[in-house]
Structures are given as structure tokens and as C-alpha cells.
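One chain, chain A, appears in both complexes that follow, with chain B as partner in the first and chain C in the second.
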Partner chain A sequence: MSLISTLARLEAVESGRAQPLATVRHRHLSPRPLVFVPLTTAGEAGAPLGALVGTDRESPRLLAVAQPRDRELRFAFLAELAETLLPYLDGYADDVEPAERNETDPETGKRVKVEVELCADAPQLIVPSRPGVDFVRLLGRSMRFRRTAEQDPDSPYPAPPRVPLLGRWLTHYGERARVPGSSLLLAMTDLLGRHWATGQSHLEDKHLGALLAWIAPPEGASGAEAALRAEVERDRGGQLVCPPAGPATDPAFDNKLLAPAMELYDRARQALAAAEDGAAADEQLARLTSAEREIRALLRGVLRPTWDAVWDGIDLVRELPEGPHVADRWTRDRWSFTGHRDRVRAGEPPQPRRDDAVSAAQKLAARETAQAQLEAQEALDDPLVLAGRRLAGEAFVGVVTDVVMAWSESKRPSPRPLLTVRTDDGPHLGVGVKAYRSLDGKPQCAEFVRYEEDGAIVLRLLDRMGRSRDPAEGSVPEAGESVAWTLFEHEQRGGPKLPEPEDTPWTHGGPPRTDAAESADAVTPEDLL
Partner chain B sequence: MTGTVIPLFDPASEAARATAAILEDTLHGDARGVVVDSPPGAGKSTLVVRAALELASAGRPLMVVAQTNAQVDDLVLRLAEKEPELPVGRLHSNDADPYDKALDGLPNVRKSAKAGELDGLDVVISTAAKWAHVKGVDPWRHAIVDEAYQMRSDALLAVAGLFERALFVGDPGQLDPFSVVGAEQWAGLSYDPSASAVSTLLAHNPELPQHRLPVSWRLPASAAPLVSGAFYPYTPFRSGTGAGDRRLAFGVPSDGSGPDRVLDEAAESGWGLLELPARHTPRTDPEAVRAVALVVRRLLDRGGASVSERSPDPVPLTADRLAVGTAHRDQAAAVRAALAELGVAGVTVDTANRLQGREFDVTVVLHPLSGRPDATAFHLETGRLCVLASRHRQACVVVCRAGVSELLDEHPSTEPVQLGVTVKFPDGWEANHAVLSHLEEHRVVWAP
Partner chain C sequence: MSTSLDSGPLPQAPATALRQRLAELRGPSAAPHPLDARALAALAANPGCKRRALLDGAGVDKAALARALGSPATFGQSQFAFMRGNAFEARVKADGGTELLRLLGVADPHGAVVPDLTAAGPEGRAARTALALREATGAGAWTLLDHPMLALEVAGSPAYLEPDAVVVHPDGRWTVVEIKSFPMVDGSADASKVGAAARQAAVYVLALERVAALTKDASVDHSVLLVCPKDFSNLPTASAVDVRKQLSVTRRQLARLTRVEEIASALPDGVCFDVESCSSGELASAVESVPSTYAPECLSACELAFHCRERARTAGAVESLGRAVRGELGGLTGVAEVLSAARGEWGDPADPTVAALRRAARLRAEALGAGALGTQAPGTAAREDAVAGRGTA
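Up next, the complex of A and B:
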């Protein structure tokens, strides 16, 4: 934890309210995000229990599984989820703009520009918390290898038609969420935690209700009190007033309310199956329907507070103006969405179960680049973030007090002016350390030369001054100008090109096997209850 | 020790035997790779230079992969020193000042940013990062990968296509490579890109011959048993020198202050712990930083002189033979500032990551857990403490706040267990306790 965020947390404790960590919004927020609040069944990993989903705060769609151990009902839930999510995703697939992309020409091997489509906007999913992101990933994994009746007529338990497709999309979103700075799939706790510091621990910040209580405590209460209430307050029936944001449920809810309701439902189902005449069947059907309605009401009751909390969070974050570089990162998200749309349309198989050596290395390299880029862009976008870097000695703001012209010692001398900068910051400078500043949105590089006796810093400006002997106008700061310098680079170079997967070297096990097609695990006796 | 028979251990012949076996496997074996584990100061660089010369004289074109430009330049200089006639290529980046200017004075070293221009030279040396950009060349018959335990698996993936077979040399006890983003999703895969190059190599090629160098020439007899026991419990090594071979003495007697007393203790026993009162502090704990600076100041002021097997006469302890090690960069910066205030210049002050592979007579270490309220995985990492505790030829002084032992007990390792990942022994918690309990015996309580 950086010194400035520790300071912000101390201030939050003292004032009883969360303190801002940012002055702008560092993540893209879609004008029409889809909020997805899932619940899972206790003790049954991957068995969804219910969800609220939708793009309209006032009318969420409730999906519920009355008996999560019943495969048919789980499939019905997933089919319904696909019916809700896929039209939202598809809604962004056809609104495109022309764009260019660098590709390697397969015949000449040269890099050429290719005209391609880029989706003008991309769908955004928001879940309450990080376990919600993991659950999206889990749902994706559990669905993408399923076979529909059309794909495999012999399958004993075919999946509903659009379920495997949803699995591929959720997998893509879950994987994209691992890229630093991406916004296709966001967890509300992460989003709020990026912009505010509370007076509680990071562990407690994972509770959406407690986090919101610090950021926007009710009238007259301190954040600490409100957060404690959000964590522990129960009603007369022993139920949490602020249920957990899921996907896990509160055991008291499971034991006291959900289990008896499911019991009723199961009994009604058995009775219906055993009914001997039409009148009895009608009666049992009515009981079954009412039992199901009861379960749906229970689920709606514990989902709704979280649903509202996510939308409250969206309102809070939306009040912040968007950081200048956010659009740039969102464009990468749009490329990611477009790329997966194209793979689906081209009929490519679902994402493999595990990455091969080359894909894993490529992903890691891309994410490290994205992380460095995110850190640099956030600091450039936001004086408060920059202040944290200044405090850590990774940046400094100073007034230029003197500019002395100098030139490089080559045949065609280029300008290399020496700047004297006075600052109260304590950057970690040393021989050969480079400093960068933003000049018309592009980084300009300087190197540290020496400290003057009075502590002022002497820098030598190295680039972006034009081709002629005298620097281009406005490319050298003038005396009296205040300039922000960073010791980290503003743009990241991509890593080296890795071998093709079929050229994987012997040190990494050689080329991956291609003979065994990816498919779902075979059904074993343990899978059947 | 009278009355017991000590099995004869002759460090020089043990080390020679190990080196001979390594060269035999490298030059005449049929395995595609040979792995050599080397504890701190066991002559790893000497081995690399020797193997390079033997491969070159056997007429096998060789590429050498090191991890940093400083390591590459150092290897080139050592090669030229041993064999001035050998044609060596130094492949470098396109940045300004890409290599050590000392290389310009070597007539048989050709420098270029393009691999094609170094074609046909006996040995071509560069960093892994630069090698990764080399494309479209015939593979080398042989490679030496230096500091292979500090190389990441994905870096090896990028360069492994350039050679047919390779000798991998490194120290398994030092800091593992790291990634700035989470890589848990690949944990347990044999080719986890964030793991070390050696772990990937051995996961796919378990039959490769593995050797280890048995003698540390750097660590004194006072340090080798502790470092070996705490960090290399299953692959012990010995010190190349005996108990009386190295001595540290001061011309100026102690003034009775904490720094002076801890220096006397360290001169006597090879270790010293300067303990400050327990307190939770920011990372750049001003009192601890000042204590570190004072120890260094007194070390220089008291006219230290060291005796070692290298020279019969005492050698004065100068600033360039000292180092200060810290866990974080801001701590190093704070120590530098404190030293400057006391008028000390020329002492190396750096983090464990940057001190890897370096050697000094005396080191002063700011303990990674000093003053902390918690013990995170970063601060507990075995390699960090191992690097800090194994840079010295004579003595090591550790500056620390009291209470680290209790802190450790309050923070047992809780890293999640990942399926398929080999559990590393010892864990940082265990190693920290081992070092701390040894240091307790050489404790001096702070008094200004």
C-alpha cells in the first residue's frame, strides 16, 4: 500500500467518511451497462441459485432455480440467462466503424494495413464483487463445452441451444477482466475501491454494503457505524438487513428460509408426480406453483438490496468526470469485443480449457504492458494519483528556473538544452535516470545531469525538439514554467515476438497436441445424483 | 573437536571434481541440457567462463544468455581477461550507452546491435531481452544460460529456438523472478510463464543431468553453515576457507556505542545484530535508517582492515568494499540520503534485487521485517533474505527493530496451496526464524 493511500485511510478513520483516491474516473462506464447479480448454491460449486439481471434499475429480471440439484432446472436457468444476456451482447455487434489493423501478409510476410470492422461501442457487464467475476468465469467454463441436441444428437443431456455460446462469451469477459485497466466486466467493489479509501481494512472493503456505507453514510452516522451495521445488523427473524453481495449466501438465510422452502417445493413435486387423478394433480400443481413463487420471493428479497447497491455505486462513480486516457483503454476493450465476435462468427471452437505455453506467455506479456500503461496513464490523468507517485519519489513537479542551450556533439548538432528545475519533491534520481514529461500528449524525455549546490535539479532535454539546429517553438519549457516530470515511461513497448505455438521449443514441451479435440469431461457415475 | 575424526574435506578438490563432471556432461554428454545449481559465491561466473572457453576451443559456436547488461559486460571482460585472442561478439540494444565503455579497449570484442554482424564469432553474448528479438538466424549449436533461476519461463520461451542444447547455471536460493500482474491462472502448469526458466525446463525434461557446486568461496566459515542450513537445507555446501583464514580488525577501539559494539561483535563472529526498540514504523524508519548510516560511518572511521586468503597483509576496508542492503527502493534512497548527511560516499546502497550476484567484504542490512506491523509474502520471501545474508566475505551487520520473532509467529505463511506447484523448502517463515535465532546470539541493543 502506498504512503498516500495509507494517509487517505487514516483521514477516513478520522473523519468517518471515505476519502477520494482519485479526482477523475479511471474506468469506462457504459451509458447502458448490464448489471448481473448472481447467487450460487451453498456446497454446490457451479450450481446457480438465482440472479437479478438487466439494464434497467427499476425492472430487473429475476432468474431463479427452485431446486439447484435438478439439472433440468439448472439448464432452464442458463437458457433464460442466455436469452437475457445474448440479445444485450448482440445489440452491440452490428454497429461498426471502419478501422485499420496491422497484419502479417501470409504470402510476402510483410506487415500490411488491413481494413477491418471495429464495434462502435461494446457491452459492459457489472457484477457486485470480485467473487462475482470469478462466478462469471465459472459459468463460462461450465457452459462453453456443452453440446446442444443439434451438435450432438446422441447426447443424453443436451444443453439448450444458446447456452454454449453464452459460455464462450462469459469466458471471454472473465478472461478480459484479468487485463489491468479493462472495463468489459467490472466488479463494483473494485471500481469503488479504486476511487475511494475507507477507514477499514482491504478485507472489509470486499463487502459492498460496508464499502458503500463508508463512501455515502446515511445522514448523521459515521462511516464506521454504518459499515458495522451493514456487516452485522439482523432483523427480528435473524436475517441480515444487508445480505452479502454474493454469489455466496448467508448461512442463516440458507438454513432458516431457503431450505424449508425448497423442502416444500420438493414435496409438492413428489405429490404432483404421485397424483392419481386430474383434480388431485391440479391441487398439487397449485401447491407446486405457490412453493416456487415462495422461493422466487425469497431470492428477490436477498438479491434486491445488492442490486440497488450496485446501481448506487454506478451513480457515485458516474459523478466523477472521465479521465482523458479512459477512452483509449476502452477502445482496446472494443477491439477485444470485436475480436471475439469475429471468432464466434467464423465458427471457431470454444476457448481451450488451458492456454498453451505460447498463449500463456503472450497473455502475461500483454497484461504486464497493460499494467504499466494503466499506472502511467492514471498518473497523467489525475493530479491526486500523481501526488502519490511524487510522494513515492517516482515523479516530481518543479518550476524551471533556467534554460541553457546546448547541442549534441555529432556532425549535425541537435539541440540538447539544459534545464534547471527547482522542486520540493524528493525524486529518486541518479546517474543516467530518465525523466519524462507530457508535451502535447506525447512523452518528451530528459536525463538527469546533476544536482546544483542549492538542491535544484539539472536535466538535459533529449528529444521532440524537431530536426533543425534550434528547437521547435514550444518544445522547450521556458523559465518560470511549472512542469510535471515522471521517472516512469508514459508509453510501453511491446515485448518480443514469441514463436508460433507449433514452433514451441523443447524446453517448453514442444508443440501442443492437436489430435485430442477439446470437449467436456465425460460423464461419470458420480455426476448423477 | 579433539578425539573425533573429521572426514577430510578439501574444498579445492571437491570443487574441481564437480566442475570436471559438469564440463564432461556439457562437452561430451548427449542430453540437450545440463543444469548447474550454484550457492552464493561458488564460482558460478568462473564456471561459465571456463565452459565458454572449452566449448569455443572445441569449435562449437556458442551463444551466452545473461539477464542484465551489467552481467553481460562482466562476462565479456572476464572472457577477454582469460583468453584475449578469443573472438567475442557483444550483441547490444539500440539504446544510448548500451554497453560498458571498457569493452571498447578490447581488440577482439566486436560490438553490434545486429546479430548478423556477429555471425561466425566463437562466442556471442547478450541479454535474454535482446536475444528475444533475434530472428531468422541458424540456431547455435550450444548456449550457456547464466542466472537461469532469475530468468522467467516466458523469456526462455522467446530464446530457446536459437540454440540446440544448453548449459543452465544459476542459484536456486536467490530471488525468484516475479510478475507485476497476477499469474495464478497458470499456476501448476508445467510452462507457467511466470515461473523460473529452470522449473519449466526440468518439468518438461526431468531426465536432464543436474549438478551442483559444493563450495562457497565468498562466504566465510562463519556464514556458510547458517546460509546453507537456512536456505539450502537439502543441498548443503561448505565454505572454501577455514575458521581462521579471514579476520577483520579495527585500528580505532570501540567508543562503547551501539554501532561500535555491534561492529566488534561482527568482527569477532562474522555476524552482528543491532537491535532497536520495538516500534511500528513507516518503511523508511528514520531511526533505523540513521542507525544503518552510523554503522557504516563508524566502520570507515575505525580504520577497518581485513585479512583473507587473497593477500597475506591486511587490506584496508574502504567504501567500495562495503554495501548496504534493503528490501525497498525508498529505503535504499533514505539510507543514501542519511549517508550523504554523514559525509559518506562510495558505498553501494541497493535493494536485494539489485545486489544479486555481487560481493563485498562487509554488508550492513536493514532487516526486511524491521518495524513492520505485518509479514507479507514479499517480505517473507526466502530469496530476499538469502541475497541480503550472503553478499559478504567477512561480516554482516543486521539492523532491526525488536519484535520480529513475535511478528513472524503472528503471521504464519498463508499463501494458498496451488495444485501441481512444487512446494519450495524452506519457506520464508522458516528461513527467517532460522536466521533470526542465529542473529540473537550476536545481539547488541541500541545505545547511541
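Up next, the complex of A and C:
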């Protein structure tokens, strides 16, 4: 954390309100995002308890599992989730625009441009917090290797038809969320924390209710008071007024409300199974239905505040103007969505449990590039982020006081003007250090030459001045102009090329095995522990 | 193995005076609160906190204390998680622990000995466990001790610990088994949960080493066996976890804990943490008389964290924003102090921290279009005019 954001936190403590960390929005927000607020059963892995999901703030769809240890009910939940999510995802798959992609021609080995489809927009999922992102990944992992009755007629517990497909999509979204700056799957706490500094620590910022309380405290209250209330205030029954944003539930809710309701449900189910005649069965069925309704009402009660909080967060973030480079990063997200759509359509198998060496290295390299790119783009988009880099000596803003024309010493001399820049910033400059500025959205490079006696910096411009002997109009700053320079590059180059997966050296496990397809997870007949 | 006991010889006779003093602090009627997993985690999370060291050392029930102070802790366990944990452990240990021993790589799990460890009281059970460990080591056969009881000297008084299981190898090695109900998906589990389990297991290893030091040919394995459900099923899978790091941390912390004597002797007379007999005002001043080191990490480990946070915030301490913030601000410790230094109202401009703060405040105000920090440092206005209107994109 830079000193500037520390200062913002201290100001927030003093003023009782969160302070801005950004002047523009650094993440893409879809005009129609899908909000997904999941809950999980304590102690069980990947056993969903309920969820609110939908694209309309006013009418969320409640999915609930009355008894999470019952496989049938869990499958019913997942099937319903697939019915809700997949149409949303599919809705973006067919609206395409033509695009070009560089590919290696398998015959000649040359790089050629190929005409491909690119989805015009991509679906965006928003969850309340980072554990929610992990839960999406876990749900994806738990579903993608399941077998449906159609895929495997011998499967003892076949999954509903579209569940494995949803698992693949959720896995893709979960993986994409690990790429810095991507916006396909966003956690609201991350989104808010990127744009505001609260008067509490990062750890406390993980609580969505408390974070929102700092950013938009209720009338007459300070952010600190409101955040404390969000954290600890309980009603008469001992229940949190602001339930945790999930997926974990509050133990008091589990013990006092949910467990008794589930017991009623279990008993009603047993009674229904034991009912001897039609009249008794009808009566027990009514009891079962009311017990189920009770559980649904309880879940809705703890999900709804979080649902509303996520939409409040969306409204807050939407008010900020979008940063100029956000669209560029969103295009990458669209490529990612299109790529996975193509893999699904081509009938490729689900993502493997573990990546092979080459894919893993590629993923890591891509994330590193994305991180560097994100940092550069945010600084270019936002003077407040740039201020942090200036403080760290990685950028400087200065006024050009003098321009002296000079030329390179080649046969066809090119312009290499010398600029004298006066700045109060303290950039880390040395011989041969390059500085970059943005010229019509493209980086222009300069080289540090020397310090003048009065501390002014002399730079030599190196490129983007056209082919002729005299620099093109507007390509050289004029005296009196104020220019922002960065010492980091604006665009990132990828690393060295990795070998094809088939050429993986033995030191890295050798080529991936193609004969062994990923098998489904082992299932045990008993489902109740 | 006894060579690794670098914390010196066993404290043979615990200082009775200290024990009496701690009992007084706890209150005459209160039984000492056992050092549970959370206290152990807190031990590693914030070693520098004297308040926690003293309260844990004296065995004060911090949850009750926090309630009495009006800032109750929010820890709790869902009965679903509790039930699942118990059911999974029962499943792993079913049938004489054959499944568990198979996970350890035992060829003939049915031939293993599972001694009966029942005895009266924790002391009796601890003695019975020590005896069983000696016998098993001498016998040279696979032995599974189900819920043994171990004693560990903590701050002059014995704490009793109950690991899930200890397995004795034929070669005299003892391995701690920790059974947890969080899943191991595709061979990896949640790092923070594994870390907590490792810290917990390290304390068991430490307690076992005290017994091993007195047992011929015995040694304690420095990697423990962590047993978890595999993927999304209830089938167990296991992984060896190296706990050497946690072991040395815990050993150091426990050695430090014995210094509660110093902390206790520095207290004013009449200080008492007895929830029964003291008013909340008395308790608050008693707690206040022991210095604390609050950090936001305490919130997930210590019952008193909400109380300490409240105090830190009221005092305007920068620690409440995180340890990193505290480190960044050098000698400045108060929120008001830092902000007035940043505004140029206070502080020595030659101090590098103050200079950096002023620069940061100036750059921030400039980026936000001035005036965000209220009063401006003198002499910055002209500069802002000079750079106004620059393009950054």
C-alpha cells in the first residue's frame, strides 16, 4: 500500500467517510450484470445451501436446498442454477462481430491473420466477496466432472443434464477471475475496495456491510459507527442484523434458526414416507411443504440484505466515469469468453484437474503480463494512481522549459530533440533510463541524458516523430507544455515462447497423457455423513 | 530426540508463587481456562501482546471477560460443521483405525494395537498415555493411540491437550494425526486452514517431545499426518505436513509465556480479572493496566479483539488500520498527528517520514483537484497552477 492510500485511510478515519482511491472506474461494469449471492453449508465441501441470483434487482430468483446433505436436493438446486445461469451466458454467445487473430499456419509455420468471431459483449457475474469467487470455482470443480445419464448410463447417481456444462463455465469464470484487471467475475468487496479507502484495515474491508457503511453511511451516522453496527449488531433473537455476505453463514443462524427448521423438514419427510393412507399422506405433504417454505423464508431473510448491498455497490461504482483503458481490458475478457464458447462448442473435454506444465506456465505468464499492464493502464487513466507512482519515483510530471533540435548521426539523420523538463518530483533516473509519455494514446519514448545544474532533467526524444528529417507536427512537446512521464512501459510484451504441450521436456513431466481422460469423482452410496 | 529440546530442562517445580499470583488474577472461584486451539493460534498471530500473554497464561476465560466488557467476541461454531467433523473423525477411526493406518502406509492395519487409554481425570489420562507410549515403543509394533492426553507446561501450570490420535511406529517414531473435516480437493486444501491445523499439531508434537525425552529409543516425527475428506466425498485422504517451522515458533512463544511472571509483577495491586466478582468498570481498568499490542489480525484469533480495537480507535492509534500502515509511518503513531504533519501544521520537515507525508498529501490533493485535505501545505498552490491541465492519458 502506498503512502498516498494510507493517507486516504487516515483521512477517512478523521472525516468518518470513505475517501476516493480513484477518480475513474477501473473495472468494466456490464449494463446488465448477473448477481449471484450463494450460501454454503458449514463444514461441507461444495454443498450449496441457497442462493439469490438474477439480473433484476427487484426480482431475484431464490434457489434453496431444504436438506443440503441430500444428493437429490443438491442436484435439483444445481439443475435450477444451470437453468438460470446458462440462458444468461448463452444470451451473449451468438451476438458476434468479425475480428482477426494471428495464428501460426500449421503447414508453412508462418504467422497469418485469420478471420474469427468475437462476441460483441460478454456476460458478467458479480458475487459479494472474494470467498464468493472461490465458491464459484469450487462449484465449478464439483460439477464439471459429473456424468449425466446420457453420457454414462451406468453412472449410479447421474447428474441433471446441463449441470456438467455449468460446471465448465463456472470453472472458466473462476479461473478468469485470477487474471488481474479482468471483469468477467467480480467480487463486490474488491470492486469497492479498489475505488475507496475506508477508515479501517484491509481485513475489515472484507466485510461487505462494513465496507458499504464507510462509503455511504446512513444519514447522520459516521462511517465508523455504521460499520461497527454492520459487524456486530444483533436483533432480539441474537441474529445479525447485517448477515455475513457468504458463502459461509453465521453460526448463530445455523444453530438457532436453520437447524430446527431442517429437523422439522426431516421429520415431515419421514412421516410422509411412513404415511399409510392417502389422507395421512396429504396431511404430511402439507407439513413438508410448509417446512420447506419455512427454510426458504429463512434463507431469503439472510440473503436479501447481501443482495441489496451488492446492487447498492453496483450503483456506487457506476457513478464513476469509466477509465479510458477499461474497454481494452474488457475486450480481452470478451476474447476469453469467446474462446471458451468455442471450446465448449467444439466438444472439448472439461478443464483438467491439474494443468499440464505448458498450460500452467502460460497462465502464469499471462497473469504477470496482465498485472503489469493493469498497473500501467491504471496510472495512465487516473491522476490519483499516477500520484502514487510519482511518489514512488516511477513517474514524474514536469513543464518543458526548453526544446533543442538535434539529429541522429546515421546516414539519414532522424530527429532526436533534447527537452529540458523542470519537475518537483523525484524520479529514479540514471544513465540510459527510458521515460515514456502518452502521445495520442500511443507511448512515445525518451531517454534520460543528464541533470542540468539547477536540477532540471534533460531528455532525448527517440521515436514517433515521423520519417522525415523534421519531426511531425505535434509530436514534440513545446516549451511551456506540461507533460506526464512514466519510467515504466505502457504496453507489455509477452515473455519468450513456450514449447508446444507435446514437446514438454521430461524435467516438467513430459508431454501430457492423452490416453487417460479425466474420470468422474468417486461417489459413495451413502450421502449422509 | 532429546537434543532438540533447546528450551532447557523441564521446569521441575513450577513456581508456586507465580501459580498463586495467576490464580488470584483469575479469581479464586474460576477454574483455569484450558489453552484451546484458538489460544494457540493467537499465540502465533500476535506474540508481542502482553495482555493476551497474561490472560492466556493465567487461564482467564477471555470470552466471558469480553462479554463483561461489552464487546463480546463473535466466534462460534455451526452445529452442522461440528456434526460433520465428529462424523468424519468417527469414520476415519472406525474398525480399530484400519483406514487411518492404511493412510499411513501400514501393510497390515488389522495387526495394530489399540490400547485402552481410559483413566480418571486429565492427570490420570496423561499418565496412562505416557505409559502406553512407553509400552508401545518397547513392543516395537504399530500402535494407535486414540485421543491420548498430553500435558504441557504453560506459564507454570500444566495445560492438557488431546490430539485426535498418535501412531507409534515399530521403529519407535511417534506421529501425530490431525483429522479435519475441510476437504482436500485435487490434492490441495485451503492454505489458511492447513496452517491452523499445523500450528495446532505443532503444540501436540511439542508436548509429545517432553514424553519422548524420558522414553528410551523414542522420537517424535516432525511431520504430522493431516487427514481430510477427499474431494467432495466422505472418503478420507491424507497428507504429511511438515511442522518444523510452527514447532520452533510455538516453542519460542511458550518459552516467552513463562515471562508472564514479569508482566504480573508489573501490575498494580488489587488487579483482578474475575468476571464473577468485579464490575465491568473494574474489569475495564484491570484490562487497561496490561499493555496490549492490537493489530487487525487479532480479530480472527482473540476474544478480546473487539475491545482492544475499540480502545485503539478511541486513542486514534494508526495500528487499527493494519500493521503495514504502522510500519510505513515511522515514529508517528496517532491519526491526528500524522494528518497534521501531512498538512504542514506540525512536525519537523527534515524528518523523512514527515517530508514524504507532505509530498504524498500534496500529490493526492493535486490529483483530486485540490482542497481534499482541507488546509494546504504552504507554497503548494503556485506549483499546482504550474501543472494544472496536464494530460495523463
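One rule holds in what follows: the second predicted complex is superposed on the first by the 523 of 529 C-alpha atoms of A that agree within 3 Å, B and C clash if a C-alpha of one lies under 4 Å from a C-alpha of the other, contacts with A are read in each partner's own complex, and residues count from 1 in each chain.
Following the convention adopted for this analysis, a residue touches a chain if its C-beta (ideal position, glycine included) is under 8 Å from a C-beta of that chain, and two chains touch if they have at least 3 such contacts.
Remember, it's a predicted structure, so these values are computed and weren't measured experimentally.
Asks: In the superposed arrangement, does A:P324 touch chain B (first), chain C (second), both or neither?
Replies: A:P324 contacts chain C only, not chain B.
Asks: With the two complexes superposed on chain A, say which partner A:L386 touches: chain B (first), chain C (second), both, or neither.
Replies: Only chain C; A:L386 stays clear of chain B.
Asks: A:W506 in the overlay: touching chain B, chain C, both, or neither? Say first, second, both or neither.
Replies: First partner only, chain B.
Asks: Touching A:L3, do we find chain B (first), chain C (second), both, or neither?
Replies: both
Asks: So which one touches more of the residues on chain A, chain B or chain C?
Replies: C
Asks: For A:R287, is the partner it touches chain B (first), chain C (second), both, or none of the two (neither)?
Replies: Neither partner.
Asks: Determine, under the contact definition given at the top, whether A:V358 touches first (chain B), second (chain C), both, or neither.
Replies: first
Asks: Quick check on the superposed pair: does A:A42 touch chain B, chain C, both, or neither? Answer first, second, both or neither.
Replies: second
Asks: Who does A:P496 touch here: chain B (first), chain C (second), both, or neither?
Replies: first
Asks: Both chain B and chain C touch chain A; at which residues?
Replies: Common interface on chain A, chain B vs chain C: 3, 354.
Asks: Mind pulling up the chain A residues that touch chain B in the complex?
Replies: Per the stated touch rule, the residues are 3, 178, 180, 354-358, 360-361, 363-365, 367-368, 370-372, 392-393, 426, 428, 432, 495-499, 503-510.
Asks: Within the complex, which stretch of chain C touches chain A?
Replies: Residues 72, 74, 76-85, 87-88, 91, 181-183, 185-186, 229-235, 296-297, 299-300, 306, 313, 316, 318, 320-322, 324-325, 328-329, 335-336, 338-339, 342, 356-357, 359-361, 363-364, 366-368, 372-373, 383, 386-393.
Asks: Note which residues of chain A are touching chain C in the complex, please.
Replies: Of all residues in chain A, those touching chain C are 1-4, 6-11, 13-14, 19-20, 23, 41-46, 138, 141-142, 199-204, 224, 231-232, 249-252, 254-255, 259, 324, 353-354, 380-384, 386-388, 390-391, 397-399, 424, 438, 441, 482-484, 521-524, 526, 529.
Asks: Name, in rising order, each residue of chain B that touches chain A in their complex.
Replies: Residues 32-33, 97, 129, 132-133, 135, 153-154, 156-158, 160-161, 179-183, 185-186, 189-194, 197, 200-201, 204-205, 282, 329-330, 333.
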